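Just below sit the structures, each encoded as structure tokens.
The following pair of complexes shares a single chain, subunit A, combined with subunit B in the former and subunit C in the latter.
Right after this comes the complex of A and B.
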């Protein structure tokens, strides 16, 4: 039994000064707080507020108080709120972080509540269950992200190249990238590259490459498995693209040119691996672009992965609040709200009916052929989620980035990555 | 002897400060000391783990690496800033035109936010488009990666930090310079002392009290540096600019290990205290208060 501590007491006192306790309405209404991250006043924020208003109209016994903030601020505040037992009753969680909070016993298992819905009608439920060692459901899908190959159609046309297909391998990609790379100002260095291979957002970079070449980040038992020959092959392919063939901007150049997410929209690279949300940034660049399945590695694997952003319910919320929160989740997962959410183009809808509808597949703007996202999602693996995801992936990324920058050999980097990431996982003891 | 009534009044007047000290300094510091002996993830209650956090620190290579990075940063930043601030103060202590304008120009970076400074620094140190590589090119030197190079990132950060901070230290030196009696310079000139002699034997000892202050402040600033690296490099490339406070922030607020972060804070406090005490002890040998 652990004693309540001075720090927690301070947080409690501070929080007590800022708000009221769980709602105990005399008018029979249940008040819940709903938290989400979004740019204030942006399309996601506007759509979410409209959906909340619609929800309250449809459910007059539930009153929803919104707590929203930009991504970083939202999570900083959330941790303080959790310490003070004042976190929202239901909040939108980055899929990668669900297990970080579940592992610290902050989330309610939704297995029982979710029985009101047919799991087969939604994408992502199996991936959320897979991330929990006991198969519990600590979140319900809100929107899905999975990576595919983005390509600039104009640049392909100008180079006289056929567009990528589902049969492409990484060899095909390298061959096309060579033809797409150009030195436009004659200084002996490329200014336009065939493929963006490195990104700080590693789920669009070395992570799927390691998997496509037959490797993995975690094995089925949750142990780090990155120190393997396939992983070396994947990283060596990237090194070849950046430093030998020079068809990809190297790590320094990627940052110098404004970071990995600006290269494709600005036409500096002709291809990239990108999640669904990159459609929004690509559209800002006013380019004609398409999407294709991820290329195949030597063994035919594509390395598809998915991040399922999820609604989670606070384990500290009372039953009436939890039930009202679940009503919101049910509402958001319905066809109407999912169609509205799909229109902002931020995520693949998790409602399979909406995903199969023209609202998602034929929205009337690039890219055409959005079915590839659904195909990838159907076979995608999870992101090796666990309660120390931020820490262990940080421990992986540091040496791997060093290897891709040619500061250390790939072999040594993967050994360090394996040891440091495993140490982070081993250090964790469940709290609560 | 003050009466009880006087004492009560004195306590009453001092109470806002005392309340501030107790609630916002002493109590958090004590809470932090307690947390450093716990496993506290900010979500669950802290769990007493004794000296575990401190033992882990001893074997944590990333922590020692961050401390090494901070040491190199301090070794480059503190002397460069101190010397440059003094030289600038002497140069701008002359009776020439546009002096207020020039002093203001050197002070502008001090009041600018790190985000603005980062944008300006990018225009200089961007490996592809920055002016620093253009200048190197005039001399036939290969372009450098600057903030993207593990070898150059700390020197580049130190140069930017000096540029941002030198104006403030310059103002401190200017005040000290103006307090040196003019008669000393006149006496030295009568005795045949040249400009260097006057600088070496009158100016430098005359501002030594301020030099000491600048050294202490600069050392503490570097050991506590956070915002600059958070905005400009986020500790990269590959951890080469991960300074100790950034490492502590990551442990506490990104990795849910507030107990471990508290232990790092206490070790850092001990290091800062040690450096300050050493500087205090050394100042008796070279600082002149007159």
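Right after this comes the complex of A and C.
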């Protein structure tokens, strides 16, 4: 018995050591690693795996090794992989992070490869190019996110209100929100709110509001420009909604109840600004909901912005791998795969033909009127992306959240936000 | 009467402790709409039994459990063996710079994993160990600072007379270590086994970074993998998290006697 112990240990260690080796070229096939984030076994994961299988069938000379994980774990791993020069050849990048990796020279410029496709057939290419000072194309659109106004149709009906239209202003929204806010348990405090204004997910909160009121986060020269009167007006509108009119849950309540992921689907708020992907949780919440254009600010602007999630190719990948990776991107952008991807309801398709087709516009489930996403996308501005996105948006969000929590005055918060966010950008030197 | 009162207090305390577990159990049986309802309900309405089967359909949790068990067992065995050897040497042998060696080992505890993860990743890449279990096991076979410290303290507490008597009877250092000292520090060995097993079982960062193939993932990574960026999967994640507790709960129930005795004895001898 005793003699067997070392043998058993060796066997166990051998089991532990078994693993796949590095991607190898065999039989003239090019092996690439493909990274993406999706919940395991969910519709996105299943569809992506099926598309990869279809791609390999259509391209027998390419072998694809998948590396997927949930969003947070995917990026934790990716950062280490990039530092250790072992990142996938092609991966799905959150649009907001494309410039972060490009600035660290981790991505290949796709301008030459992209000549094989007609840029006019796709949404988002111009926005990705715009985010690079030299007009390089560090990612190719995979799916687009843009915010519109989500509203609970049942709650509107119960309040006897007409549904929002494209002519709505933020004054109209406030007036409707007042009628939708209710104290259902009689404790003197509202427990159903008209509108969720604050969210940690700021592209569905203060960012478009600042723009709708005529302000901006960055100016055309890439300098932080948030310390402005229109930005003050936008934040003051939010403060009024949360603390004076009390038609919006305050910062603490919003965070405590789960923010934009849960407040709308649970029926705690009747309206919210939400990106396309919020359709998924709204549907899970089993509510009857619709979408409308974002309300207009005082100058008639709506403040549309878009985040273009993108396929990116590793700059460290060899040419054969990069070419095979591009083949995958071409394949994924085609009508068939885009239609399949559209059906999971995660993103606005980047293929304009598919976006204009019934597969996207009339999928047979709520919300109706999905054209508003395409209208918003057509005029949407980029997010002013840069290589220090996480640091600079952190520097913006912290004081602005403090102002919205009434911890500091709006004036002081915007001054701090401007100085700190600019400092974060200035600290980074991409190295040409 | 006081005994009854004591039991009553104990039962009430146990019920309070059990409440979060019950809440998790009920949450795992809710629909997403029910899960996010405000105000939250305690009991599911309706009971969504399919959440538990869905978890199994979505990911190979049996494989994840087997992987976790293999990794945690080997890590625990390796750490106990190597830390006991190093701890013994530092406690009982005359070595040059013994104190400095211990200090150096303990100093490495101050380095958080996030600081060492990239150099470690590069090292394991060079070894060809990425996407294998080796980076999660082998480091434990090289002794850990906590293990060294725990075992050194335990060996220091063993009276010298045992060692002297064995030496007079002709035992060498290895025999003294294996036949005299190790049996006397069983409680510390049990404690270190439990601690290492638990930390390896619950590790998140290292498996996330080193493992990429779906069939090599561990339970915590499998559980977290169910989280959707925009999809409400909290009820499934809760079901998976409860499921991942089961193997360790069973292990604890089987070995409860030894664990409790070991932890208590180690505490007493501290």
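We take it that the second predicted complex is superposed on the first by the 403 of 432 C-alpha atoms of A that agree within 3 Å, B and C clash if a C-alpha of one lies under 4 Å from a C-alpha of the other, contacts with A are read in each partner's own complex, and residues count from 1 in each chain.
Please note the rule applied: a residue touches a chain if its C-beta (ideal position, glycine included) is under 8 Å from a C-beta of that chain, and two chains touch if they have at least 3 such contacts.
Quick caveat: nothing in here was measured; it's all calculated off a predicted structure.
Peer 1: Check the residue A:268 against both partner chains and state whether it touches subunit B (first), subunit C (second), both, or neither.
Peer 2: second
Peer 1: Quick one: classify A:257 as touching subunit B (first), subunit C (second), both or neither.
Peer 2: both
Peer 1: Classify the contacts of A:80 with the two partner chains as first (subunit B alone), second (subunit C alone), both, or neither.
Peer 2: Touch status of A:80: both partners.
Peer 1: Could you say whether A:70 touches subunit B, subunit C, both of them, or neither, answering first, second, both or neither?
Peer 2: second
Peer 1: Return the chain, subunit B or subunit C, that is in touch with more residues of subunit A.
Peer 2: Touching more of subunit A: C.
Peer 1: When the two structures are overlaid on chain A, which partner does A:42 contact: first (subunit B), second (subunit C), both, or neither?
Peer 2: After superposing on A, A:42 lies in contact with subunit C but is clear of subunit B.
Peer 1: So in the superposed three-chain picture, is A:398 touching just subunit B, just subunit C, both, or none of them (first/second/both/neither)?
Peer 2: first
Peer 1: For A:286, select first, second, both or neither according to whether it touches subunit B, subunit C, the two together, or no partner.
Peer 2: Only subunit C is touched by A:286; subunit B is not.
Peer 1: Once the structures are superposed on A, label A:57 by its partner contacts, choosing first (subunit B), second (subunit C), both or neither.
Peer 2: neither
Peer 1: Residue by residue on subunit A, keep only those touching subunit B in one complex and subunit C in the other, then list them.
Peer 2: After superposing on chain A, subunit A residues 76, 80, 83, 257 contact both subunit B and subunit C.
Peer 1: Can you list the residues on subunit B that touch subunit A in the complex?
Peer 2: 27-28, 30-31, 34-35, 38-48, 126-129, 145, 148-150, 236-239, 250, 253-256, 258
Peer 1: Within their complex, state which residues of subunit A touch subunit B.
Peer 2: Residues in contact with subunit B: 2-8, 10, 76, 79-80, 82-83, 100-101, 104-106, 251-253, 255-257, 388, 390-391, 394, 398-399, 401-402, 405, 407, 429, 431-432.
Peer 1: Looking at the complex, which residues from subunit C come into contact with subunit A?
Peer 2: Going by the criterion above, the answer is residues 31-33, 36-38, 57-59, 70-71, 73-74, 77, 117-118, 121-122, 125, 128-134, 136-137, 205, 208-209, 212-214, 216, 221-222, 224-233.
Peer 1: Mind listing the subunit A positions that touch subunit C in their complex?
Peer 2: It is residues 9, 12-13, 15-22, 37-44, 67-73, 76-77, 80-81, 83-86, 191, 257-258, 261-262, 265-268, 277-278, 280-281, 284-286, 346 of subunit A that touch subunit C.
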